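Note that chain A is present in both complexes that follow, paired respectively with chain B and with chain C.
Presenting the complex of A and B:
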């Protein structure tokens, strides 16, 4: 069994499915996490190397401050590959057209940058509901009453709302 | 205010928030006179903070005091349109 950030991941599961044990990680995010930490598609939890577990833990503990992806620019149309006999030149630097002033700026499309999981995400949700309640809006009132928030009927059904809608959702 | 409220609301960002240009904001702020309005869909802008509104709920005009935290929400969110159900023992009263 492998524990990452206090969450138990079953050994026999594929990594992309086991990662959904984290609160706030679904299949799409799990696939993205695997891609980011370079874990292949059919890899199971028990096949993870310690360095992969370390990189997963490091990324999940602070996605916003994790190091940016290495950038491999595509070759330009006029690129002439070096001959096989010559030594391979050093990798070219990140293109200056993206952002020359701030090389650490996130690349467009980095969907994992603002990832929030686990207790952090629960706290966010709790704070959002508390904000709605404190300013006295209708949505906050419906949360406090345990009723549906978006105009659904509350006479027969509304069981999910009764279960979830509280001022403090995850006490 | 949520900085991304405009983006997340489902409304095109280039339009900006929907709001009604109340003509007498400064006077109302100085004299502490409530602004009577039916524009429930008007977004609360940062310069509304401290104003008093009377927002129509379909029947009455309910008082709404705008605070800093309300910025980005709509005026109608603070003027309830539904009455709480109260049980009456006898019908003929």
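Presenting the complex of A and C:
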């Protein structure tokens, strides 16, 4: 059994499914997390190396402060690698032309840095609902009354809304 | 209990207990109708006394009866004459052994069994899933020699004297026509003809994201350490005798150690097997060393080779699909298949797989082999220049979609002798026996239109559903 950020991940489960145990991580985000840390599709939790666990933990603990991904140049058909005894040349910089009219485009792998999971995500949801209530919006009012928010019928049904909807939700 | 103790002692001296003897079933009879000596109970079990009840007060004292014979004695095996009791018998097929010496035009239509040596190529490298399915059912792995088999062997014999750049073949044909079996026969033929053989029976496992991968800045590709180590281990078990004669030309620096120049190739391969992190480097150095020697011809055989020409299921850190040419081992295969690198003596042979729909033959490969495109395309269809470059010079080796009647008949006889057919029943001596006849054979051959897989799977093995 592997613990990552206080969440127990079953060791026989595939990593791409086990990561969905985190609040805020679904199948798509889990697949992107696996790609970012170069974990293949059929990898199980018990097959993870310590370095992979460390990189996953380091990223999930604070995605916003994670470093941007380096450029991974790919070999052309005629590329000849340097000999084993020669030093490896430094990776070339990402080939982009950045100026005022063409700002640097964020690559898909770096968009994960805006990921919010666990307690941070719950806090964001609470803050959003509290903001809607503070500005006196209809949605905030419905949260406060414990009624459905998105225009559903309230005369029959609406039991889930009556049970769960409140201003301080996910506290 | 003194009476029980004496009974047990007498029992021990008259009939020795054989609890330490392993209970192995006799050969030819796997059902439980066997009398194992020393395993019969001579005395009845002691029944527990019922206390504090009416029955206990008035229950008569139970007498311990020693049975002359146990109440249920299994029948002696010599009385089990019905054929239903002999279904557990597994008689291995007696077939001539596959060998390069018996391969000539007279062998066409004969079924030959693969050898059972410990370092056999198909045992070490594995077999494709379609062949594994058949070999698990058959009592002995075997295959039928077809006319295309002999012609392929002739091509291989000629390739042994020239560069692999001149012999780069791709076996093609409709699904189930026998491409994987033909490639397996080619690998066995080469291994028994003193070739150095590197065989990948399931090329899809290289590109379906089932093994670990890691980016390497030196080669600018994604390495596959676990697969490289497994491939080295299998290569060593098959080719150890031949690689022992070859030596490295230069020193090879590895993580934590280095292999000095002049070492045997076997030592280099073992260095890669011992440490998974060194396996990718060792594999690439090994292939380079083999491409510089001309002592032994080298065969690089890959099944599902069409999967190397396209996108894999791996994703880079930006979640973009990685092309197979940017994975280390597929790139090595593409370089030798395209002629960019070559063995001084040898061949590169691949077989196109048709089972996995995510890895179909791409348009560029179809055009290079002269095959009709997978769908209607024109000059405006997008073609990858890299894939066109890697597919250039590959020759098509078509495998006939239909077996000949004599080849199918040999296959039919093999399955019949292995008791795989359960139809054509005839009543003999008050019991039904399966007696396949020519009519059954021609029926199944016509239903399958001579396609080998359809003939065996949907024709012969499907007869079992009539039980």
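Here, the second predicted complex is superposed on the first by the 138 of 171 C-alpha atoms of A that agree within 3 Å, B and C clash if a C-alpha of one lies under 4 Å from a C-alpha of the other, contacts with A are read in each partner's own complex, and residues count from 1 in each chain.
Basically, a residue touches a chain if its C-beta (ideal position, glycine included) is under 8 Å from a C-beta of that chain, and two chains touch if they have at least 3 such contacts.
The shown structure was predicted, so the numbers you read here are calculated from the model rather than taken from an experiment.
Within the superposed three-chain model, A:139 lies in touch with chain B and out of touch with chain C [touch as defined at top]. Considering which of chain B and chain C touches more of chain A, the answer is C. Look at A:131: by the touch rule set out above, it reaches chain B but stays clear of chain C.
Within the complex formed with chain C, the chain A residues making contact are 31-32, 34-38, 40-43, 69, 72-79, 81-82, 84-85, 88, 91, 107-110. By the touch criterion stated above, chain B contacts chain A in their complex at residues 67, 69-70, 73, 77-78, 80.
Residues of chain C that touch chain A in their complex: 208-215, 217-221, 251-253, 281, 285, 313-320, 323, 325-326, 331, 340, 386, 389-390.
By the touch criterion stated above, chain A contacts chain B in their complex at residues 131, 134-139, 141.
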